[in-house]
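As structure tokens, here come the structures.
You will see two complexes here that share subunit A, one where it goes with subunit B and one where it goes with subunit C.
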Partner chain A sequence: MPALLEIRGLSAGLQGRRAITQVISQIDLDVQAGEILGVVGESGCGKSTLATAIMRLLVPPQVLQSGSIRLRLAAGETVDLLAISESELRALRWRHLSYIPQGSMNSLNPVLRVGRQMMDTLIQHGLTSGEARARAIEALELVNLERKLLDSYPHELSGGMRQRVIIAAAVSMRPALIVADELTTALDVVTQRQILQELAAIRDELGATILLITHDMGVVAQIADRVAVMYAGKIAELGSVHGIFEAPRHPYSQGLIGSIPRASGQRVEGLPGEAPSPWNYPAGCRFHPRCPKVFDLCREHAPELMRQDSGRWAACHLYDDEVAAHA
Partner chain B sequence: MATDSATRAIKTDENRDAAGRREIYLYALRRFGVYLFTLWAAITVAFFIFRLVPGDPMNILLGNLTRAEGRQRDKAAEEAIIAQYRQIFGMDDPLPIQYLNYLRKAVLGGLDLGPSFVEYPAQTKDLVFRRMPWTIGIFTTSVLLAWIAGTGLGALIGWLQRSRLSRLAVVLSTLLQITPVYLVALALIIYVGYSWRLLPAGGPYARHLQPAWTWEFISSLLTHAILPMLSNIIVIGAGFTLGMRALMISVLGEDYLTFARAKGLSPFTVLKDYAFRNALIPQVTALAIIVGATLNGTFIIEVLFQLPGLGTLFVQAMGLRDFNTMQAVVLFSIFAVLTLTLIVDLALPLLDPRVRRTA
Partner chain C sequence: MPDLLAVENLRQIFGGRNRTYAVDDVSFRIPAEPRIVSLVGESGSGKSTIARIILGLLRPTAGTVLYDGVDIFRPDRSWNRRFRSEVQAVFQDPYSVYNPVYKAERVLKLVIRKFGLAKTKAEARERMEAALRAVDLQPDEVLDRHPHQLSGGQRQRLMLARVYLMRPRLIVADEPVSMIDAGMRASFLNILGDFRDNHGISTLFITHDLSTAMYLGGEIIVLYQGRIMETGATHSVMSAPMHPYAQLLIDSIPTPDPRRRWEEDLSSAPLSEIGGATVASAPNRDHCLFADRCPQVMEKCWAARPVLRAPAARAADAAHRDVACYLYD
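On to the complex of A and B.
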């Protein structure tokens, strides 16, 4: 079965006065239909840039450098989201691909009622206002909100309710793909848990595919099927949640998993050092200055993301058979 | 459980509505109190400050009389005349008593602001009312037109912030905004009025006409109003343009704009309902603030274009130390500015749902 979303060679950066500083480099990623794929990484690793690039919402000084993002449409045809025109893309938005932005607290227009903001999009996509209202109510019910909220202004809602309204808006046209960026960051843990459960229920009910961007390993463990670990603008490791949590391959993933507090009272091991910013990505493997298993090759050559066993991919020379053969 | 909390939130909303209404009444009351206090303070300052200006209106009055009669009087007769006028104007009382009398007449005497010194026995109130339509007409129309044009243009160049046209517009409006309004007015008078003879450069209407409801008179009135209003519109409008542009640019960076684009709304809807609606709120406040500052400019424009408005009246009264008239003009300008500001302030809740509750 071909992937729902195929990202190939995606690079994006920040336009400076003279040159572009690359933030994400040559990302290859497949998102399978029906899965929840978590993308995790530290702040500044480029995961939000990845999300905005997929949504084609980069604004200057952010610039797209190269790559293709093929989305499979219902009819079986595929489109390259980066190659089509603005108006073609507008027609696809919300029907085929939705976005739950970072900062959902401020993502509702403060001067329009919630109902108007949910329905204007639906009406723009060709629904009558009656149909749009019915759809909006249906979507609110999916996230356990009452239809009364349609007549509220955003400032009358709590943070959790606003987040739910955003989710309801994003699923109101039953899109195939939802890109959710830091969905639960600004919420308390109880609300966080409820919202994640609702999101998982929506996936089951609508058969949607979700790309979930987060820095929170706990969120990934709770609802994702697969996880992509990002480090300094590249994917370090990709695999099933179980596989990666039980036996991380990449030394960075190992460090991340090791830094999760455990109930057994074991001492938490943090990663030494700091993540590099796009202005000083190291040569070779970008993780090598912090890597406990670094060797000479890592300082010169960047490892490719290579297929391991059973759907696991890792970008590390430790698992490079050719290197192992030479060593 | 999530449904429960949502229902509860809506119930407490109703209680909050009642409290919100009470707060709005209190706010309006407080706002009105400030309005009255400011008016009083303005009268008081105007009363005392003009009397500190050197020069005695009586001497000027006497000089006018002498010139009118064409002959010199003897000292005793002059002193008798001055004494009589001082009595009529109540100027023999100590200053605090004069002040209290003035206030009493103004408040209890149905806006009796005393007679004009120089046009005695004309009442200053009547002088001001006769001149006011010119000032209000030119001032309100040009400020409103400038606001509409500046808001529209500013929204547009903010929206197209990275285009070359937009950058050019920014440079132009910055230049115009810092130009004093009298320079713009002079340039218009010199070029449009005299060199190119496109429009009348001064006066309220053509000299040979008498005020009447005829097409000829009204069109003459309007063509004479174009240049004075244009001077105001150019300078004030440039300021509004720059302000609105800055507001648009900051709104364009908001999360709800990104979300609106992600929803697949047409650029026009994003511009109209998401960017413009939000940038408009502080722009309306800017209108209230600018109203006060631009009235002075209008006075200068009246003098330059020889229009019989409050500005010209004030300049005449100033030259003759006609305290009563000066006070009346100040009082009416401040009244006009404060009232416009009050209207704008009370209109804000209509635009911003957040103010409705927290005001």
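On to the complex of A and C.
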């Protein structure tokens, strides 16, 4: 089955006075219909830049450098989100893909009632006010909120409820793809759990596909089907959630998973060194200065993201032989 | 020997008409021997307010804080100076505590000068380097840099180096790792363990993140709406919580292991917490505050506030535990 979203050669950077500093480099990623794909990495690894590039919401000095992002529509045809016009894209947003940016629970307009804010978007997309109201109520129910909330103002709601309103708005047009950036970061663990489980239920009910961007390995382990680990603007490893957590291949994934504080008594060590910023990405493999398994080739040549075995991809020279053997 | 810290019947009420009970009759103690005590709770549970009171930054509405047996709000100036050097704070944001125009070195130099920790320049340098090594930083990597040239993890460890220079007896750390990357958290937490084991420094660790509390070990205090729900040895509370709130909280930690996913689905559970967890201003607080969310609620839970005490039926060899719940009367 072809992927719902096919990202190829996606690069984006920051426009400086003389040159562009590349932030994400040559990202290739397929998002399968109906899956929850977690994109994880430390701060500054480019995961939010990837999300905004997919939504074509990069703002200066961010610039798109190259790539294509093909979204499969219901009729079986595909569109390149990066090649179509702004008005064509506007028609796709909310209906086919919607975006929940980081911190969006604080983006509700404080002087408008929740219902008005949810319905405005729907009316913009051609629904009558009655239809919009019905859709808004239906969407609120998906996230366990009562319809009387339509008449509330944002300040009357708790953080968890505001985040639910945002999710409801994002799914109210029943989009095929939802891109959610740090959805539950500011919430306490019980609310986080409820919201993540609601998100999984929405996936089951609407058949939506979810790209979940987070720094929290626990969140990914709990609800993702597959995981993409990003490091310094590239995908280091991609695979099933069980594969990545139980047998990570890339030394960075190994370090990241190994450094998670677990039960007391088991001392774990942090990753040595610091992640590079886009202004000083190292040559060769960008992880090589921190890698415990570095060898000469790593310093000179950047490894490609290569298929390992069933559904696992890694960008690491350690597995070059295996890849050659498979070929 | 008096306890290092004894918090007794602490109460902090904010506001006039809509009174908010940020801290509602909280008592706990940290003994004289070095310990790590974690104070955990959701936002609005009162944990940061307790930290501010213990640091002497906020006068409580009622109750006392004894440090080494002395009330911290009724001391003289020389005692105050001692308290200020023996109790050190580490805050959440590793970015905002530094003056951006000065090099990292100054943070340490100021302390050495202010508290007369070294007689000569060479001795000062030696002290600084020893402090940096104690927190796993290379002196030449940080001393000559400005704060913006350091990562969050380095900045937060530099704060620990500063604290180390003072040789305090107690560190009050309020969400110190929530802004540093996952890969760096473990090394910060390891340092607190080293401080306890090798330098006799206790830590009161305030966090909403139960997994870091679990990693630190020691003792844990679980707060809810300004009250202590359960307290005991961290590993014992985390592995077998008794209070229904502690059970819900601990069960909801997103464990970084896909083989151990949440069992119970809360996605269609009624949102009875609506406005609940963070609003502590209900007029009548003479009951268990978790009663409205509790799956095992009984009639008497609504009748009076449960007392925090050792559960009735408990094996003699079990680790010490206190629970504020009628289930264990």
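Definition applied: the second predicted complex is superposed on the first by the 318 of 327 C-alpha atoms of A that agree within 3 Å, B and C clash if a C-alpha of one lies under 4 Å from a C-alpha of the other, contacts with A are read in each partner's own complex, and residues count from 1 in each chain.
The criterion applied here is as follows: contacts are C-beta pairs under 8 Å (C-beta built on N, C-alpha and C of every residue); 3 or more make two chains touch, one makes a residue touch a chain.
This structure is a prediction, so every number in the text was calculated from the model and none was measured.
**Student:** Just checking: does A:Gln222 make contact with subunit B only, subunit C only, both, or neither of them? Give me first, second, both or neither.
**Tutor:** Second partner only, subunit C.
**Student:** Name the contact category of A:Leu256: first (subunit B only), second (subunit C only), both, or neither.
**Tutor:** After superposing on A, A:Leu256 lies in contact with subunit C but is clear of subunit B.
**Student:** Taking the superposition as given, does A:Val241 touch the first partner, subunit B, the second, subunit C, both, or neither?
**Tutor:** A:Val241 sits against subunit C, while subunit B stays out of touch.
**Student:** Could you look at A:Leu145 and tell me whether it touches subunit B, subunit C, both or neither (first, second, both, neither)?
**Tutor:** both
**Student:** With the two structures laid over each other on chain A, which partner does A:Glu269 touch: subunit B (first), subunit C (second), both, or neither?
**Tutor:** second
**Student:** Touching A:Gln194, do we find subunit B (first), subunit C (second), both, or neither?
**Tutor:** both
**Student:** Should A:Tyr231 be classified as contacting the first partner (subunit B), the second (subunit C), both, or neither?
**Tutor:** Touch partners of A:Tyr231: none, neither subunit B nor subunit C.
**Student:** Between subunit B (first) and subunit C (second), which does A:Ala91 come into contact with in this model arrangement: first, second, both, or neither?
**Tutor:** First partner only.
**Student:** Is A:Met161 in contact with subunit B, with subunit C, with both, or with neither (first, second, both, neither)?
**Tutor:** A:Met161: touches subunit B and subunit C.
**Student:** Which subunit A residues contact subunit B in one complex and subunit C in the other?
**Tutor:** Touching subunit B in the first complex and subunit C in the second, residues 144-145, 157-158, 160-161, 194, 198 of subunit A appear in both lists.
**Student:** Using the touch definition from the top, list the residues of subunit C that touch subunit A in their complex.
**Tutor:** 42-43, 151-154, 181-190, 193, 208, 210-212, 214-218, 234-235, 238, 248-249, 252-259, 261-262, 265-271, 273-279
**Student:** Please give the residue numbers of subunit A that touch subunit B in the complex, ascending.
**Tutor:** Touch list, subunit A to subunit B: 55, 57, 59-60, 89-95, 98-99, 101-112, 120-121, 124-125, 143-146, 148-149, 153, 155-158, 160-161, 164, 166, 169, 194, 198.
**Student:** Name, in rising order, each residue of subunit A that touches subunit C in their complex.
**Tutor:** Those residues of subunit A that touch subunit C are 42-43, 144-145, 157-161, 188-194, 196-198, 200-201, 215-223, 241-242, 245-246, 255-257, 259-265, 267-271, 274-275.
**Student:** Name, in rising order, each residue of subunit B that touches subunit A in their complex.
**Tutor:** Touching subunit A: residues 1-3, 5-7, 9-10, 13, 162, 254-256, 258-266, 269, 273-274, 277-278, 281, 351-354, 357 of subunit B.
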